[in-house]
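Here is the structure we will look at, set down as structure tokens.
Letters A, B, C and D name the chains as they come in the text, with residue numbers starting at 1 for each one.
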Amino acid sequence: MSTRITRDELAKRIADDIPEGAYVNLGIGAPTLVANFLPDDLEIILHTENGLLGMGPAPEPGRIDPDLINAGKQPVTALAGAAYFHHADSFGMMRGGHLDVCVLGAFQVSQNGDLANWSTGAPGAIPAVGGAMDLAIGAKDVYVMTDLLTKQGDSKLVEACTYPLTGVGCVSRVYTDHAIFDVTPDGFAVREAFGDNTLESLAELTGLNLVR
Amino acid sequence: MIDKTVPTVAEAVGDIPDGATIMIGGFGRAGQPVELIDALIDHGAKNLTIVNNNAGNGDTGLAALLANKQVRKIICSFPRQSDSWVFDGLYRAGEIELELVPQGNLAERIRAAGAGIGAFFSPTGVGTELAAGKEEREIDGRRYVLEYPIKADFALISALRADRWGNLVYRETARNFGPIMAAAATTTVAQVDEVVPLGTLDPETVVTPGIFTDRVVAVGERRWVRDGEFVGGVDIEGQPLEEKEDAA
Amino acid sequence: MIDKTVPTVAEAVGDIPDGATIMIGGFGRAGQPVELIDALIDHGAKNLTIVNNNAGNGDTGLAALLANKQVRKIICSFPRQSDSWVFDGLYRAGEIELELVPQGNLAERIRAAGAGIGAFFSPTGVGTELAAGKEEREIDGRRYVLEYPIKADFALISALRADRWGNLVYRETARNFGPIMAAAATTTVAQVDEVVPLGTLDPETVVTPGIFTDRVVAVGERRWVRDGEFVGGVDIEGQPLEEKEDAA
Amino acid sequence: MSTRITRDELAKRIADDIPEGAYVNLGIGAPTLVANFLPDDLEIILHTENGLLGMGPAPEPGRIDPDLINAGKQPVTALAGAAYFHHADSFGMMRGGHLDVCVLGAFQVSQNGDLANWSTGAPGAIPAVGGAMDLAIGAKDVYVMTDLLTKQGDSKLVEACTYPLTGVGCVSRVYTDHAIFDVTPDGFAVREAFGDNTLESLAELTGLNLVR
């Protein structure tokens, strides 16, 4: 029974939902993969919160410029049409609702759209939040990209988050390896089920009441 | 004649007292005022409060300042990194205080200090443990928390070019916190690749007007830059690739 | 391909509905989007709320919009000028509502709207009649009043150059309110002297990133500018001196 | 008996008190005259709140540039070393206390440093404030430049302002045609009396208890 798509397939599926002309921030980690699947013939403008709109792909080998990095501190390039700005302007851009989409990872998403992705709350862990909370509340649409289940088999879609929150009621849609879920006033709605997944099988995996 | 240039990094930071609050620019390596931090280590001021996005990487720069036991407290958004072992050790040993601030609130609080704003309502962090104990208010149907300015006694920043009035231009994403920190500190020290004659910087393109800059010190071009242009062939730390291969 | 250019000013403002709130850039003549205002007059939308630093001068531009009875309310800092007879007449006749805002609070409230700030404490106006009824608070020994963002449905601004992504650069003090209004409006329309190919504008010097711009319309160079450079010989209204002498 | 200096003399007297390297905003009207007396061999940087630091003198005839104006909407020039910025940045510069000096006109100044200079409060008058309130609270030192007496002979230095306030407790010093007064916790202190003026004659003119 085919119940999961690969991470690359999921990244492509997200990329397919991003229209030309969108201003998009891809969070650190798996969401970065989405950039690999944005069609070359569409202009989609990537934002990196350390001060660049119009971020391009990684540089050619030997052309790394240490002044030109992304939020993950990896070397990038700038496209024709790019613009640089300082941190307050960059986060003003996010907080002010100017980005169309951001894609973030998650530990948990609750059915009212709460996101937990910055801290497991484990005792002794050193906390670090970066721009996660700003991204969570900033974009017009916040997409989460994640496996549906943890390695232990627990659902990351939950009734209420048990991990420390990143943002309240901020997630619009969750792209998982099993299905795509929209956050609705009635809870998670299955927008698209991959492979053999059904509303019923997903309800069982998540232990949630799902809607169509 | 106004001349904000100072000849050495030692002179540029020489009056920083023990107990000062110091903003340090940079996001990762980009825009980090490496030479000024080294000078601050040599200078030896202690009991400092540092404002930076991170809490140091590896064993150089801010990490070395921490390792030298000069820092009492750090205000930042992202202390934990794969190579933040210096901070990690101090934090676990209870030898450094941490104020964790979401990055956009950090930037806006610094901006507020420079712009004379008494406090502002931010939607970032609402309902999270980082907003615990903060004043909350609903405005126009959305929840916000009240955030206060972060001021500093000194800002140490890095820019590409300056003139003797202290006008600054930056390079690419090395701009990051420089402009807002310059405005938020009582005394702002900028290290630059080069100081150019007054009138050379196009007034349309100056990012930090000289009013925010108190001292400028030229530290020479970085190895990936020549005449302000990227010449390539470096790794992410700015080491020329050939040189690195030679060393290996 | 993203292409935010529109061919005519009529098209650029054609969907502005009655009752809209519209920010109009400019400080005096500098940066005033004259052609867009003329198009708005031709378009005829009524019952508008206008946000501008002033309330119109002489009989053209914003003053003409007012004279055409399209404006219900104006939010500005300085309506009364030697040649603001159109506004003066409407105001005295009770035909226009005025919200008077200190200029820095006006700018910061517009900036707050674009930056997603819910409200902020400003020291400007404390203890004056323009702060009457506003929430006041003492912070760190200084008195502040709480000010709220000013948002708009449309912003009409003027810049020097744009590319098809809507990146903008301005010229001299014509920059003024353009960048903050562009960020504060749902739909931002920029008139520019010229649209240049993508990649022509230096990303270090872009003042308004295209994310804030929805429509760009080229209106041609003004008579005191050639290839973006000042060529001189004009009066304060931008009339070439020779031409003016000819006319006289 | 010589009791008054001219407006130009007063402007020069103010200019003499501004040190090299100061960032200065000169308000609309009489304060603009101060620029004429700033020594050519000193670098003093003028700010105009519509977005320019490093403002230069009026342009040569025939070289007027309508994009380059001051807060009074008069044509100006930009010096080598100038910088342009937008309105929020410009007023942030003021509000943030970065200007060393601003010079403003006044209807009234009270002995605790309140300033009234934007409105006479006359019924039917159209109110207009511009940047006056921002300037009043923004600079490190707020200097007022004014005649000591109104045309009707009333003192502009008062116990408490009767005109609508521009700012509370914001004035550091008042330069008048009769004398220079510092605002102190004990009231107005006569810093310098011009011509035949004395503490006693000034106290009589103003009807205030003045201190040395």
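In the analysis below, contacts are C-beta pairs under 8 Å (C-beta built on N, C-alpha and C of every residue); 3 or more make two chains touch, one makes a residue touch a chain.
All values reported here derive from a predicted model rather than from experimental measurement.
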Original post:
Where are there more C-beta contacts: A-B or A-C?
Top reply: A-B
Subject >> chain A-chain B separation of Cα centroids, rounded to whole Å >> reply: 28
Original post:
Taking each chain's centre as the mean of its CA atoms, how far is chain A from chain D in angstrom?
Top reply: 54
Original post:
Taking each chain's centre as the mean position of its Cα atoms, how many Å separate chain B from chain C?
Top reply: 34
**OP:** Could you put a whole-Å number on the gap between the CA centroids of chain A and chain C?
**Re:** 36
**OP:** List, in ascending order, every residue of chain B touching at least 2 other chains.
**Re:** 108, 111, 115-117, 122-123, 170-172, 204
**OP:** Enumerate the residues of chain D that touch no fewer than two other chains.
**Re:** 52, 78, 84-85, 88, 91-92, 94-95, 138
Original post:
Which two-chain combinations touch?
Top reply: A-B, A-C, B-C, B-D, C-D
Original post:
chain A touches which residues of chain C in the complex?
Top reply: 1-2, 111, 113-117, 163, 165, 167, 183, 198-199, 201, 203-204, 206, 209-212
Subject >> Residues of chain C that touch chain B when the two form their complex >> reply: 108, 112, 115-123, 137, 139-140, 142, 144, 148, 169-172, 202, 204-205
Original post:
Any idea which chain D residues touch chain C in the complex?
Top reply: 48-52, 62-69, 73-75, 78, 84-88, 90-92, 94-95, 114, 124, 126-134, 137-138, 164-168
Original post:
Which part of chain D faces chain B closely enough to touch in the complex?
Top reply: 20-21, 23, 43, 45, 47, 52-54, 78, 80-85, 88, 91-99, 138
Original post:
So in the complex, which bits of chain B are touching chain A?
Top reply: 27-31, 53, 77-81, 87-88, 91-92, 98, 100-105, 107-108, 110-111, 122-130, 143, 170-180, 207, 222, 224-225, 230, 232-238, 241
